[in-house]
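The two complexes that follow have chain A in common; it is paired with chain B in the first and with chain C in the second.
Then we have the complex of A and B:
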């Protein structure tokens, strides 16, 4: 169970972006969080993935409250989340070939021996051939790079997936393909999913249930000025 | 397809593109066929949506029309801009001519990522004033200020945000700032390259509605997008591009409604929408540097046969040997 309890978070304590939001994702459940641009939903997704320390409130993962965030979080908590962001270009090291990009979490957690088998398996799954795996991010399209980022998010077999506007930059066919990969992974692993976005048609089609940001008790009226 | 165009009778096309191809010469003698044999025309008041997956050559086509291709590009074919007083052959026009009389004046560009298009170190007001000064010749300070505010108003950019820098704007406002800049020159052709990427649905709707509103009846809008819903909302006609070629060019109501797309690729792309079948097309588009000899879609197509080893011509708006016909193939949306 992933529980977000009364989360207040932001980048300036005087004007938090997220105020008093609570949300629960059961194991194996897919929850779609719908909200307009700038409402704070991406910040909440980062809090859920332990990538952003909230100003107040608790994140409880399987009964255990998270106490540390980002690189200070214990490794088994950090690696419990596979995260996908909207812009693959900003979340991929431009120096790494796609194969290295996918393998990086294994390398970082001292599981190099698993790299050849695991990278091959995931590359097949997301539809990247050997020729594409040898390229660097600037040599592939957004869709191809997001495929690699999805493989990277799945490489450690996380029990939780956080997808923040994963498909906003992608065309309809690539969107459908990546969602199908996420869903097949969830079917076999039982992973839970928090998908954040603004496309109601997509999230209602994709997720078991969708919640609107406004229903969560958060304040969405503050326009984003960044 | 023939050169005749189904636009308003008797009106001269604003832009007519015939047999346009773009090749990039790469190191080692390789070449990338980014755009191949593209033919279309745009009537005044018309909105044509050019749709396709990322990397299919849409943006290269836009760059070719504005003379913004990099040095290793070679173009063939014609692209005649008949808007305004003079006719200009865009592919052969000199840089000076493009800069003096085409960009901003006769073709307004709404760029792909407005945040990157705007100058980061200057306020929106100063960029608008500079553009107004350059394009309209107004030089008096007070007039310039008023004209810039009017330009902002046309794109529904809030006046109290004019003194902000681009990084202080949300995606939607940055988009409007860029649209305001594109509209300053009153260009008869607007070229919008993925104007809605990254915006949420209400903002997408508002952005494309605003673009459409600016057409008026005598201007044309070429909207390049991978967002089929945005295209459906405003387009009069749809051109589907695949691997550098236009594979279907048809009226928007027929494309999005009945009888639906006739090219298997276009049909698959539409069916991938979450509101429809939500089923991806198998595989990925071919590399533009290594295109197969025949139909580039054949490898992903369930209708492919031996005839697909030859490239199908665009005939009656479709380039396919085995096009979907309405009666025989029921929609599976």
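Then we have the complex of A and C:
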């Protein structure tokens, strides 16, 4: 159970972007969060993934409230989330080849032995050939890079997935392929999903339940760019 | 008349060159510059490494009978006011200058990278405090601060290195901090954190490789600066002990004989300062144009 209770967060204490939002994702459930751009949904997604410390409110993961954030959060808690960001270009280290990019979480958690098997399996799954795996991020398209980022998010088998406008920059067929990969992973692992976006058609078809930002009790009266 | 037309034509051709031939000309020009600089540097390094062990220099040997001889086959650069061979002394002096330049530039870069990384990593209040400290240091003129540091020790190579290193780390600290601040908010660091990377792993795997090219370039650009600084200190009599060969103290000692018409004791040490620094700066400039073509600023000397 992932519970966000009364979250207030932002980048300046005087003008929080997110005010008093509460949201719950049950295990295995897919929740879509719809909202206009700039309303703070990306910030909420970062708070949920323990990447941004909220000014107020608590994040409760399986009954245990999170006390620390970013690199101070316990590693088990951090790696419980697979996060996909809106811009694959910015969320991939430009120096790493795609294969190293996908394997990086395994290296960081000291599970090098699993790398060849796991990377091969995931590359197959997201549709990246061996030739693409040897390239660097600037040599592939946005869609191919987002596929690699999805593989990286899945490589540690996280029980929670957080997709922050994962498909906003991609064409329809790549979107469909990526959503299919996420769904097949969720079927076999029972992972919960929080998908953030403003594409209502996609989110209503993809998720078990969609909530609109305005319904969450948040005030969107001062939209700020994130 | 024909002469005038000819010169006009060449003048016109010369004026066209920067505009028309820029695309093709600048590339070959740059390649030529890189090769000339690299060749000069190889020559200098070879001379500095090979000559001193083969031809050791007796710092005290004086031959007053042969004083102030103009360049000749026996003494290609001539002799100084106490009859010592200038070529040999120049090479030995260059060796000291290069040693000081490279070691001081390395030390300054390490110090600057450490301070800049500290400021960039901590952020907020401590970042501001550290950077104000850097501003405070850079508000004092380099040479004045260097003289102050050198004056605290006995004359020798190491005080000079310490002095140059302690006055030249500021720009590297600023560069590294700025680079880190621009990297800090990139989502790929967030991705590394959710991938279970520790703070140290983020720094070593993702931040350091991004900062190193900038810091390395700053280090290379620092070498000529440090050479000049050493020469300046020696020229003022504050660097190496007076009897040891140093380009700065040689230029200083030759000032008296310059008025008597002996140009060679000033010219050759001066050339030995200028040519290596230009060669290093030329290579660093080409490197910078490669890594950061948008910033075609002049070479920092």
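We adopt the following convention: the second predicted complex is superposed on the first by the 224 of 226 C-alpha atoms of A that agree within 3 Å, B and C clash if a C-alpha of one lies under 4 Å from a C-alpha of the other, contacts with A are read in each partner's own complex, and residues count from 1 in each chain.
Quick note on the criterion: a contact is a pair of C-beta atoms (placed from the backbone, for glycine too) under 8 Å apart; a residue touches a chain by one contact, two chains touch by 3 or more.
A quick note: this is a predicted structure, and the numbers were derived from the prediction, not measured.
Engineer: Should the pairing of chain B and chain C on chain A count as a clash or a fit in the superposition?
Structural biologist: Verdict on chain A: chain B and chain C fit.
Engineer: Examine A:149 and indicate which partner it touches, taking first as chain B and second as chain C; both and neither are also allowed.
Structural biologist: A:149: touches chain C, not chain B.
Engineer: Touch test for A:91: chain B only (first), chain C only (second), both, or neither?
Structural biologist: second
Engineer: Where does A:105 make contact in the superposed view: on chain B (first), on chain C (second), on both, or on neither?
Structural biologist: second
Engineer: Taking the superposition as given, does A:55 touch the first partner, chain B, the second, chain C, both, or neither?
Structural biologist: neither
Engineer: For the superposed arrangement, I'd like the angle with vertex at the C-alpha centre of chain A and ends at chain B and chain C, nearest 10 degrees.
Structural biologist: Reported to the nearest 10, the angle reads 80 degrees.
Engineer: In the overlay, answer first, second, both or neither for which of chain B and chain C A:83 touches.
Structural biologist: Second partner only, chain C.
Engineer: Figure out whether A:46 sits in contact with chain B (first) or chain C (second), or with both, or with neither.
Structural biologist: second
Engineer: Could you say whether A:3 touches chain B, chain C, both of them, or neither, answering first, second, both or neither?
Structural biologist: neither
Engineer: Let me test your reading of the model: by the given contact rule, A:114 touches which partner, first (chain B), second (chain C), both or neither?
Structural biologist: neither
Engineer: Tell me the contact category for A:75 with respect to chain B and chain C: first, second, both or neither.
Structural biologist: So A:75 only meets chain C here.
Engineer: Looking at the superposed set of three chains, what is the minimum CA distance between chain B and chain C in Å?
Structural biologist: Taking the overlay as described at the top, chain B lies 10 Å from chain C at its nearest C-alpha.
Engineer: In the superposed view, which residues of chain A touch chain B and also chain C?
Structural biologist: 87
Engineer: If you look only at chain A, which of its residues touch chain B in the complex?
Structural biologist: Interface residues on the chain A side: 36-38, 86-87, 127, 141-144, 168-177, 179-180, 198-202, 205-206, 223-226.
Engineer: If you look only at chain B, which of its residues touch chain A in the complex?
Structural biologist: Within the complex, chain B touches chain A at residues 52-55, 164, 167-172, 197-203, 226, 228, 268-270, 272-275, 278-281, 283-284.
Engineer: In the complex formed with chain C, which residues of chain A make contact?
Structural biologist: 46, 49-51, 70-71, 75, 78-79, 81-83, 85, 87, 90-93, 95, 104-105, 108-109, 149, 152-153, 155-156
Engineer: Enumerate the contact residues on chain C facing chain A in the complex.
Structural biologist: Against chain A, chain C makes touches at 186-188, 190-199, 201-202, 205-206, 209-210.
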